[in-house]
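Structures are listed in the sections that come next.
In what comes next, subunit A is part of two complexes: it sits with subunit B in the first one and with subunit C in the second one.
After this line comes the complex of A and B, so read on.
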């Protein structure tokens, strides 16, 4: 039961924040390329999902899973995108991502006058609160399953 | 004083605006912010004390500022009040509302004085309308705790 990593993108595609807790294997490409790949993939998958949907769509793309991990996606009305990779024991992390947005992002970044929206998030307060929040989640444990 | 978010956002914008419209970064910006706080403090204390009894002495005035005034503006009381009984008071707030979202430690320490100037003026204005002339300064070593030092000026 664990969280592998977390990405935060703004609506223009720039990666504002990235942190990993339990990542055994790296992607093999530079971090910049990895962020571009992630954002590009999500953009395509969202438009694919909405085009191919047999019914009217409500939320759109929520998550995908492989045999080893699950990727959860949450997009705020303001265009901020939260992506979290966890292992398969976590069925739905949408609420967690929502909490990260309202209790951490809004509190420590939006209300922080020194943090410019759109630039990468430097606030140490945000990082440390996010870290303790993730470590405090019921489905987080330091050793990967 | 229903929700503090509008005030915090407005306060942050005021500071950004003053710093952007001033070409040189000298002490004038801090003085401008402090004077704005002065006017607001004067008006605010009138509203807060319109039904209270007159204050017995200076210490009573300071206690009112630490308890009721601080609760009204910052939703909490001052954590520690010290004085040397000769006109110097030090008010310590361990979790100052306007700094608690900035950082919890040393990051952004150089930006802190900008965010304290308005509050210094607020205290100075409140005291002045209660009949106490003073000079208020603030210092911060570890956010979000900060100390306001009040020097009473005898007329």
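After this line comes the complex of A and C, so read on.
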């Protein structure tokens, strides 16, 4: 039971925040390219899902899984995208991502007069609170499953 | 408990088979008087609603027919541009039917290839070693399941999120493919599948899976 990594993108595609806890394999490309690829993949998945869907959707794409990991997605109405990769034992991290948004992002970034929205989040307080929040999650254990 | 459709993609990413088992058509037909309070726009050779959601007509719905006659792309059946027709007060009152636009075969081809690439990117961006591509993609109204064989053929099934037994169904479709497409001497590999027995058996196994899903997923 573990969380591999977390990305936060803004509506223009720039990666505002990235952190990893238990990542065992790097993508083989530079971090910048990886962020662009991740954002591009999600953009394409959302467009794919909206065309393929047999019925009208309310929330759209929620998550996908492969044989080894699950990617959870949460988008706020302002276009902020939260992506968390966990292992397969975590069925639904959407509420976790919503809590990260409302209890951490809004509290420590939006309400911070020094933080410029749209730029990389470099608030120390945010990083440390986020880190302890993730480590405190019921599905996080420091030894990978 | 529904299975919406099945797609089979070859190893180059091209669609070789597609079957729509259940196509829910949520359509709304209403009579309007001038001026129209919906904002319509051209999108991809169709006329879609861009603003003014109401009464079952949602943003993204396309104009399907005017006064009972189906539209052809951007134009009415007579060949006039739909937006011009609807801007002319002399044509009112008019009865328009809106609904989700059906996918054309070209669009299905493009979507299948798009998924083929997304499948590969899912494997590349994996934080863990030895990951396959996207095996299951979940949204609030459907779940997409994908099974990739050892030879690179992908079987993709779109189903209701609560439908169970799709893994077994994917393996069964693979079995049907190898029995009725691969063993058919007139079928060429990687080409579109046009084998009647494949169609029949596929429909049969979809019915069985839907009925079985009803017993399993309810609990």
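In this section, the second predicted complex is superposed on the first by the 145 of 145 C-alpha atoms of A that agree within 3 Å, B and C clash if a C-alpha of one lies under 4 Å from a C-alpha of the other, contacts with A are read in each partner's own complex, and residues count from 1 in each chain.
As a working rule, contacts are C-beta pairs under 8 Å (C-beta built on N, C-alpha and C of every residue); 3 or more make two chains touch, one makes a residue touch a chain.
Computed from a prediction, not measured in an experiment: that's the story for all the values here.
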Contacts of A:48 with subunit B and subunit C, given as first, second, both or neither: second
First, second, both or neither for A:4, with subunit B first and subunit C second: second
Contacts of A:128 with subunit B and subunit C, given as first, second, both or neither: first
First (subunit B), second (subunit C), both or neither touched by A:108: first
Subunit A: partner with more touched residues, subunit B or subunit C: C
Which of subunit B and subunit C A:136 touches, first, second, both or neither: neither
Partner chain(s) touched by A:77 [first = subunit B, second = subunit C, both, neither]: neither
Contact residues common to both interfaces of subunit A (with subunit B and with subunit C): none
Subunit A contact footprint on subunit C (complex, rising order): 4-5, 22-24, 26, 58, 60, 100, 103, 107, 111, 114-115, 117-118, 121-142, 144, 158
Interfacial residue positions of subunit A with respect to subunit C in the complex: 4-5, 20, 22-25, 27-28, 34, 37-38, 41, 44-45, 48-69, 71, 85, 87
Subunit A contact footprint on subunit B (complex, rising order): 5, 8-9, 12, 15-16, 101-105, 107-108, 111, 115
Subunit A residues touching subunit B - in the complex, by the definition given at the top: 107-108, 111-114, 122-125, 128
